[in-house]
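Okay, so chain A shows up in both of these, paired with chain B first and chain C after.
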Partner chain A sequence: MNLIAADKLADLAAALAAAGYRVVAPVRDEEGAVHLKVWSAGDAIDTATIPANSAKEFLFPPSEVIGRYALDGRDFTPQEVRADPPRTVLLAVRPCDVAGLAILDAVFNWDYRDALYNARREATTIVALVCPASDAECFCTSVGGAPDSTRGADLVLQSADGGRRFVFSPVTEKGAAILKAAGSTLAEGEARLDPPASVPERFDAAAVAEWLGANFESPLWQEWGLACLGCGACTHVCPTCHCFDLQDEATRREAVRLRNWDSCALALFTAHAGGHNPRPTQTERWRQRVMHKFRYFPERFGIFACTGCGRCGRLCPAAVTMGEACRQIAEAASLLRRSSRSGCEGRKADTP
Partner chain B sequence: MTETENLYQPTILRVASDRLEAPEVRSLHLEFVEESDRVRFFAAYRVGMFGLWGVPGAGESALCIASPPTRSAYVECTFRRTGRVTAALADREVGQTLTLRGPYGQPFPLETWRGRSLVFVAGGIGLPPLRSVLWNVLDRRPEFAEVTLLYGARTAADLIYKEELAQWAERRDMRLVTTVDPGGQLPDWTGRVGLVPTVLEALAPAAAGAVALVCGPPIMIKFTLPVLTKLGFAPADIYTTLENRMKCGVGHCGRCNVGSKFVCRDGPVFSLEQLRAMETADL
Partner chain C sequence: MDLNQALRTDAAALLSDGRARLVIGYRAGGAGDDAARRTPFFITDPARCDALVYDASCRQNLASYLRKPEVRARSLVAVVAPPPVMRSLVLLAAEAQVTDSLVVVLAVGEGVYHGVLDIAQTAALLREKYADLAIPAEVVREIERIAAMTAEERAAFWTAEFARCTRCYACRAACPLCYCTRCIVEKNVPQWISMAAAGHGNYAWNVIRAFHLAGRCTLCGACEAACPQGIPIMLLNGLAAEEAARAFDARPGYDPAEKPVIGSFKPDDKADFIK
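And now, the complex of A and B:
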């Protein structure tokens, strides 16, 4: 077994940085908040807390240049935009975040391959952390995940000996390269693996998908839409939300075409130049968000576009969350099934 | 496309000429700066597909391709000056360049329509996507049966492609009917006066063996579809093109979907049969 003392993860990060990797790790700041960020010397790595942000921004940045043009006052000359990503290791990311990358992979290779994303993905090694602790917002087990899932990982990191050590198990060649780069920060030895977090199943996702197929119109959409403030925070922290905007910015000498994160929760997202908006209120926007994750995306790609990380629930100021929405939908679906079994009349398909 | 190619690297076009079609509506006649781009474009382009047209510094807009693949020396677009990008496009002068990505989306199934009659119904700025089909058909005229275009606008001034309307009116191998909304006619107006659905019903084109293509403002489409149905057109023989706000054009940016269908990937061309299976409350 490849072991490291629990308080020596920063030494590992330093060794990987010295080997030329950009190291992304969960780092605790002075206020006590934990974020996935590019590690630099002196940063404290915290694997016990679920980071506030997901890992997606390191493969799909919040803002990135996709086109560059030199301007000369009369016309423009295109400049090359090259994919030249740093070799990156995502150190100690939870299975729900690793699962999110599968959704991004599907979208950014949906027939048209996004070279910028793929180059970054190719340059990234994933060290997955067997999830040591969950909270009330977690629901990975309801959407096909698990706290100890190793799917998509190049290397697996698991707490051992009551949290005193971590065990490293390589899965792929990329993962083995990390062990090599780690050098003397790891030691051979034996340890007893700690049990992963326990995440109860909160709803039946298949029942949710089925209900969505029959309930494009439902009073539930308005209920959530009225509560939603339209801030878009849920989509920004979501490991699978990938909608983006393209915007140009220019000085007199140069124009850049940027890809920026966008959000279906925002009013302007679908607004036409002529004034029409096919999703005029938060009601339609919420419907789109749930439908996309649990019906449209699985229909096209065979996986739910939600990994149950629970970030939307931790962050939402109005407590309108994907986990709770799905729980209510599953409940509505099960009430419906029960009433249809007993031949009960008077309960419409769309009543929770 | 190879791994290393940037999906967002556009083709560069030069404005060869431009034309004001109606108030705020302009057409650009564009040539490819690189011959290899022209060849690549026309290898993929079929009528109904769209492009992302842009001016660096202003951005890109999804607009139809208004010229047919049978005229492969150039490409044309026609648009109304509405926002930042269309204003920048409209302000491009002859000799200046602009960017194009595409062609994207699903075309009209033109090859399956050989031997059939075609009825085009267009309103206002909805004519450009049908104009490319019409010219494509006229360039291959013997392959199709009767061709009819019914085109309406609010006023006579709002009719676009006025020079081409005059040409089409002269042709004996097609029928052109123009109409303006009541009050939109000028003293010398010789066309019809009335809303497109009303004029269509009076015109009553034969539905047997025919395909109808409808494009125009949503309100026109809404009232035209029942008329076509009443005239005997089957839902599978009525086509329209949808538009929604788009950014990437290839299904990645996530905003143009109507229910589970992406206008950029599954459309923009849809038959009424397809539309009926969609969550059109999302339109």
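And now, the complex of A and C:
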């Protein structure tokens, strides 16, 4: 077994940085908040807390230049935007974040192969952390994930010996290269693996998808829509939300075309130039977000566009959250099923 | 009768006798099983008022919901309001955004219930009991720490803070005073502020928002609480509030007849740009 002492993860990050990797890790700041960020010397790595942001931004940044033009009076000359991403390690990211990359992969290779995204993806090695602890917002097991899922990982990191050590197991060749770069920060030895977090299943996602197909006009949407403030925070911390906006910005000499994160929670997302908005209130906007994740995306790509990371629930000021909405939907669906079953039995009894 | 009991009784009475069609308050819990969490609670059925809760953990400014068309369509709307929220409501009245035909106030304080009030009564209560609502001491200390920095240090501090902004605009959504139907950041003919979540665009966005709140912000802290990136927005708002109070004697949210600093001018202003 390849082992590292729990308090030596920063040494590992330093070794990988020295080997030329950009290291992204969960870092605890002075106020105790944990964010995934580009690690630099002195940063404290915290694997116990679920980071506030997802790993999405390191493959699909909040704002990126996708086109560039030189301007000279009325002339403009397109210039090449080269995909030249840094070699990156996502160190100790949880299975729910790794699962999010499968959704981004599907979108950015759908009807168009996005060169910038894919170059970044290929330059990235994923060191997944077997999830050590969950909270009340977690629901990965309800959407096909698991705290110890290794799907999509190049290397797996698991706590051992009661949190004193981590065990590294390479899954892919990319992962083996990380072990090599880690060098002497790792040691051979034996350790007893700690159990992963336990995440109870909170709803049946298939039942949710089925209910969504028949309940576009449910009064539940209005109830949630009232409370939703229309801030875009849930979509920005979401590991799978991938909608973007294109903006052109110019100075006298140069113009750039930018791809910026957008959010279906914002009114402007669907506002038309003529003033009409097909999603006039948060009721329609929130419905779109649930429908997209549990109905439209699976119809198109065969997977749910939600990994159950629970970030939306943790930070929503109004507690309008995907996990809770799905739980309520599944409950409504099972009530419906029960009442329609008893209805059938009733009819049967009446039949002579 | 304790605070919560009185609040529930009054809220239920408002709905039962038709004085209000919607009550916006707080309840315990929300998503997950976190019973300590306080989340907004929308009530149209008087029987559900039993779940209303108010305590110091209720952080969100419920006056923000009065901007939403689907909420405005349900007037009268009764809003559970602790002092900073009462101030927001009085300021919104001063800016002609809310009236007594839209909102009725369920006024609460720390451990006390002040009753069902209209806007004038709310302002009178604020002047009588909460006239000394100040910028929180820890915010003042941090503002002073940053003010003592060199210009380069200060720029580096804010550049690092704003670098985390992803431009989700949760701060704007959580703020009752951000009610523009089209925010300046979304105006693109011409584009005043870069929409890119980076560099000068982030700087401009956060600073402009603070300027638009100068002399208006009632320091409820909802923007900072909503920020998923932990940007210390209240330092900017607190500084702007200090400056507006020092230069213009601004005390927003105490008088529904008072013109806000940013929306008024005096012909005898001591600066000559106005002449």
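A few remarks follow.
As a convention for this text, the second predicted complex is superposed on the first by the 343 of 352 C-alpha atoms of A that agree within 3 Å, B and C clash if a C-alpha of one lies under 4 Å from a C-alpha of the other, contacts with A are read in each partner's own complex, and residues count from 1 in each chain.
Here is the rule we go by: a contact is a pair of C-beta atoms (placed from the backbone, for glycine too) under 8 Å apart; a residue touches a chain by one contact, two chains touch by 3 or more.
It should be emphasised that the depicted structure is a prediction, and the values quoted were computed from it without experimental measurement.
Partners chain B and chain C fit side by side in the overlay (superposition on chain A).
When the shared chain is aligned, no partner comes close enough to touch A:204: not chain B, not chain C.
In the superposed model, A:279 makes contact with chain B only, not with chain C. Using the contact criterion defined above for the overlaid structures, shared-chain residue A:53 touches chain C, although it does not reach chain B.
Contact with chain C, but none with chain B, is seen for A:319 once the two complexes are overlaid on the shared chain. By the touch criterion defined above, A:194 lies against neither chain B nor chain C after alignment on the C-alpha atoms of chain A.
After overlaying the two complexes on the shared chain, residue contacts for A:78 are found with chain B alone; chain C is out of touch. In the superposed model, A:107 makes contact with chain B only, not with chain C.
By the touch criterion defined above, A:63 reaches chain C but does not reach chain B.
Look at A:269: by the touch rule set out above, it reaches chain B but stays clear of chain C. Of all C-alpha pairs linking chain B and chain C after the chain A fit, the shortest spans 6 Å. When the two complexes are superposed on chain A, the residues of chain A that touch both chain B and chain C are 245, 247, 249. Residues of chain C that touch chain A in their complex: 30-34, 37, 39-40, 42, 59-60, 64-65, 68-71, 164, 166-174, 186, 188, 191, 194-198, 201, 222, 225-230. Considering their complex, residues 1, 3-10, 12, 54, 56-61, 82-83, 86, 96-97, 99, 218, 243-245, 247-248, 250-260, 265, 279, 281-283 of chain B touch chain A. Chain contact summary for the complex, chain A toward chain B: residues 66-67, 69, 71, 74-76, 78, 81, 83, 107-108, 110-116, 118-119, 216-217, 242-250, 255, 257, 259, 262, 264, 269-274, 276, 278-279, 284, 288, 291-292, 295-296, 299-300. Residues 29, 31, 33, 35, 52-53, 57, 62-63, 135-137, 222-223, 225-227, 229-233, 235-237, 245, 247, 249, 258, 260-261, 263, 266, 268, 280-283, 310, 313, 315-319, 321, 323-324 of chain A are the ones touching chain C in the complex.
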